[in-house]
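In what follows, chain A forms one complex with chain B and a second complex with chain C.
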Partner chain A sequence: MTAVAAPVRLAGPGRLRRWRPGRAAVVALILVGIAVALAPVYWMLATSLKTPFAATSLTPSYFPHHLSMSNYNELLVKGVVPFKTYLANSVLTSVIASVVAVAISALAGYSFSRSRWRLRGPTSVAVLATQMLPLVVFVGPLYLLLLDAHLLNTYTGLVIGYTSFAIPFGSWLMKGFFDSVPVELEEAARVDGYGRLSILFRVVIPTVIPGLLTTGVFVFINSWNNLLYPLTLITNNSHQTLPPGLLDSFVGEFNTDWGGMMAAAVLTTIPLAVAFFAVQRYMVRGMTAGALAGT
Partner chain B sequence: MAVASAPAPTVSGGPSLPARRARSRRRTPVFDWMALPAVIVLAGVIGYPIVRAVQLSFTNSNLLSAGAAKSVGLQNYKTLFTNDPVFWQALEHTAVYTFVSVAAAALIGLALALATENLGGAWRILRTLMLTPWGVPVIVVAFLFYYMFQDRGGVVNQALTSLGIIHTPILWLGTGKWAMIAVIIANVWSTTPFFLLMFTAALASVPNEVIEAARVDRAGPMAMLTRIKLPYLRNAAVLGSLLMVIQNFNNFPLIYSMTKGGPVYSTTTLVIYVYQLAFDQFHLGFASAVGVIWLIILLVFAGLFIRLMRTNPA
Partner chain C sequence: MASISVRDVEKRFGNGPAVLRECNLDIADHEFLVLVGPSGSGKTTLLRIIAGLEAATSGEIYFGDRLVNDVDVGDRDIAMVFQNYGLYPHMTVRNNMAFGLRRRKLPKDAIDQKVREAATMLGIENLLDRRPRQLSGGQRQRVALGRAIVRDPAVFLLDEPLSNLDAHLRLQMRTEILRVHRAVTATTVYVTHDQVEAMTMGDRIAVMNNGLIQQVGTPEELYDRPVNRFVAGFIGTPAMGFLTCSVNRNGDRAELVRDGVCLRLTEEQSRKLTLPHGAAVVAGVRPENLRPVSADGSDSEVSVVKGAIEVVEPLGPEQHLVVDVGGEMVTARVDRDVAARRGEKVSLAVGAGRAHVFSIDSGEALL
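Take a look at the complex of A and B:
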């Protein structure tokens, strides 16, 4: 293995050094790629740190001349926009949805991975198919359903909405993690007289904790990003989450509070970015398992 | 339930390999209780709404007076196909938005993956930097590009003007053609990292022996790319694109936050149209009919995707 890998590592840069125009093109491409990827994020940060007056300018300067925290102060302390309420609601509903969805998905994923039952094939394909369906088709009937159950404008209604769309993808992600646990581990526990649930919780779950965390983070990200459900199922500002709340506060013909908008954008990004880079290693796997909720 | 029955035939081949290995000496039960909570939630919150949506699509249900819906037979579908130009426009916008976005993001992602392929050690940070947009929530992407594409005070127009590329500001979000371009640019920015990751993983899986053999045969850089690497990337490209096609079909937050489907209907995709019909105009029955058509189109793609997943799991 090393005998094969070593020459490649040597040959790579050597080949590039000989082929100069190609190397220049590669370097240029990388630089442009990074610039384009980072520029909007820089602009968000820079605008959020300008004074509100400088941020509303029709010819905004590319660099903030006086660093100012007043946009953040406005959001977090003074509170013209009920930002803290939106933030708390987003955190609360996303976290609860993650916990509930992980619990249900872990059970289902374990079942898809291990047990043998006749409807397993059709059920798992149906589950995989549901995550490709557009939320918007369900939201009308879901609205009527929650209306009948008196769950409109409640956290419960929102969590039900988030969870339902997290479960298909969560189950598939968890199935993948369970598939990689050797069956022999469970056989041994079974011989020792453990029941199914205790095998799952005492033997298998401890080995798939990264899987549980990854699934939880993905559910969190999808719930955090969800605009459609809170927009339609919540009309009361005290229960509203960040996406519709900020849309309502900052987007419109007469808005010019760009500093406030960008500060809110930064604060909305931070929890998600942290969660995101924590599970970056599992990202491709998670995406192909289908982080498909249409949000 | 359409969802369960449509893709089901692909399953008739029986359980997959790792599952077969796990088969114990017991009898196989019909159902396993461990999957029950998931199935109950899905049946209640997804299965029931699908049935309800189909049923609503044959009524004149109105969100403001949900109880007073009357059956109208196929009227909604008839109107949809013969007398609703917006539906056809929305279909076209969905196709343009989806395919242009996916093609652009895939090509850029491929180029960046090839460019960063030989980065070693600490230089890999360069690739991580390119993944930054992936960590930005969709709703923030929408706000950010909404601000940058403002015709007055937007940094895009300002930069283009100072570079001498344009002389009068472009009404990015105020004219139909430019609004579509603006939402596609925002979408490509946000989804390119996915393809970059996908292709990077696929490139890493090209066996060293193959690269080495090609090098011994003195394959030039172009031949190396087109003859050796690209064929290995085919699966990743197909899988990733299909996944992104489905996701873009269903994308609501980006377009809705940036343009609300406007100006007029110029960025109204089917998802936005269904939302507007149901929640702005309260025509839940008619919206459901659009939704049902939408569902059928999507199931075709979902079926394709599942077939690919089963024949060649990532």
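Take a look at the complex of A and C:
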């Protein structure tokens, strides 16, 4: 009689793989990376919830022992600092800069990608070359230009500043997205009887929405975080944005209100996080999936 | 509907060499013409010039009596199926098909009806609300066809539409395209590099190579009377075998000879072949015209090719023997019952008058 071994229940292959030493090391490394990345965020959040005394204690505690909303209360309710004005200015200028920069970058990127015109190569490289210089280099010339145009201390001037630095990179970013759009789509639309602009807006732009969102988020984050331009181009407090506004409000000669600054920082981060998570799902998958055979 | 005339068309990209030269082609109304050739032969470029997606460097394109060189692609009343389909990824199948009709400002009801009819014809009516990424390769192909036929065009252009499908689906879609062609009766130009596709689908075939149209004719004409060695070798599977021989004149009759080869020409062929005794030529023999015979029982009146079997390819109902004849390979299509082994010596008889003869220099057919 042939003996048949009783079936032995083994851990599934997935389970075995999960606990391999190499895999565990990778997971540990990722966790350390996440901790390092999130530590400042945690510290910002924790400090914003501490009392003023705890926030400035010489022996800082890692956890707020007494949760206090006083910093938020002072910012949002008491209005000690014109936080809402700064916030509104930041939202207004960053959103307008994003929309303008995306529109111009999309048209420029499409031209770099598809049009065949003289000096296209040198022009596109020259545009990219502007990104090799630090932001501060442009502040002087920009200040003088806006001074001549009577646009200092205006939202328009600030938006021009933001977009002037964002458009070159945005154009290249968009060029990459347009390059990935199959030419067959445009040719199919030409056969269908559509003209160049109709093709751009009805066929090409809808397939590069992830690119538009990426460019938009890029410009928004850069504008939102920009300290140098508003600090230089805006001296009127009613037009000031969050970064220089907060710097001015919480950092004094003899004292820094860390709790208040962290509460403001938390509130400043929220729109960025919302913007990023709102568009994240569009950025994951390319819109051209299914356009061609094998995609 | 429209006939198409291509007159002396030449195409260069920039200052580069001509990719199309002296192209002349007349395509009759309702005809299904296949442009076939290897990669880089210029067939897609010619199709794109007919479509208006490329401009010819010189030459003229007529649709009927109308010169269309300067007519925009959207005004040529054509529909095109691209090699990679080119479906609009952000639109549903319904909108993909309706997109061209909306440009023509047709009433919504008419558009819906046309889309439904085309979808029914192609069996994709249940896919109308899906997006291209949710479709299989065959379904995308049908949608691309549907997008073209819904326009009811005068000229239907297809650029290697089956090249991305597997063999089974390709066979199925081949039939489908022919069915659609019969239904819409538009003048059709179909580009492929697959000569089997060309032979099975085309009313006529234009064989292209190196930017030149080598020969235009029905599948039978191209197969039986190729004008040069390229067409002879390109059309037919397995390909025609070529053997370098010399002409041996013996009275009224001529034969093509070399070591292990003796191809006797018919009286008529001998008369037509004007080359003198000893002249070098290339003989071409189709695989189905070669049949194994016993070496000792050879008839002096029968043409024979002797060689060693290099490869045996069993194909089920038949087998292909690749035979080395003094360094040149010929393929014989033989019955599956023929016992053949690699390395075995074999004598192959060639049917009377079945040998093709080509110039050794120009490759032009001499008979």
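Keep in mind that, in the parts below, the second predicted complex is superposed on the first by the 234 of 295 C-alpha atoms of A that agree within 3 Å, B and C clash if a C-alpha of one lies under 4 Å from a C-alpha of the other, contacts with A are read in each partner's own complex, and residues count from 1 in each chain.
The criterion applied here is as follows: contacts are C-beta pairs under 8 Å (C-beta built on N, C-alpha and C of every residue); 3 or more make two chains touch, one makes a residue touch a chain.
Owing to the predicted nature of the structure, the values given are computational and were not obtained by experimental measurement.
Of the two partner chains placed around the shared chain by superposition, chain B is the only one that A:L247 touches, whereas chain C remains out of contact. Contacts of A:A149 after superposition: neither chain B nor chain C is touched. Looking at the shared chain after the overlay, A:V80 reaches neither chain B nor chain C.
Of the two partner chains placed by superposition, only chain B is touched by A:L227; chain C is not. In the superposition on chain A, A:R120 makes contact with chain B only, while chain C stays out of contact range. Using the contact criterion defined above for the overlaid structures, shared-chain residue A:L67 touches neither chain B nor chain C, since it reaches no partner. Touched residues of chain A, counted separately for chain B and chain C, are more numerous for B.
Once the two complexes are overlaid on the shared chain, A:F112 sits against chain B while remaining clear of chain C.
Common to the chain B and chain C interfaces on chain A are residues 287-288, 290, 292, 294-295.
Of all residues in chain B, only 1, 3-4, 6-8, 10-11, 14-15, 18-19, 21-24, 26, 28-32, 34-35, 37-39, 41-42, 44-46, 48-50, 52-53, 56, 63, 66, 108, 111-112, 115-116, 118, 120, 126, 129-140, 143-148, 152-153, 155, 158, 189, 193-194, 197-198, 201, 208-209, 211-212, 215, 221, 239-240, 243, 246-247, 249-253, 256-257, 271, 274-275, 278-279, 284, 287-288, 291-292, 294-295, 298-299, 301-303, 305-306, 309, 314 touch chain A in the complex they form. The residues of chain A lying in touch with chain B in their complex are 4-5, 7-9, 11-13, 15-16, 19, 22, 26, 29-30, 33-34, 36-38, 40-41, 43-44, 47, 56-60, 62, 104-105, 107-108, 110-123, 125-130, 132-145, 147, 160-161, 163-165, 167-168, 171, 179, 183, 196, 221, 224-228, 232, 242-243, 246-247, 250-251, 256, 258, 261-262, 264-265, 268-269, 272-273, 276-277, 280, 283-285, 287-288, 290, 292, 294-295. The residues of chain C lying in touch with chain A in their complex are 51, 53, 72-75, 78-80, 82-90, 99-100, 103-104, 131-135, 137, 140, 147, 151, 164.
Touching chain C in their complex are the following residues of chain A: 182, 184-185, 187-195, 203, 206-207, 287-295.
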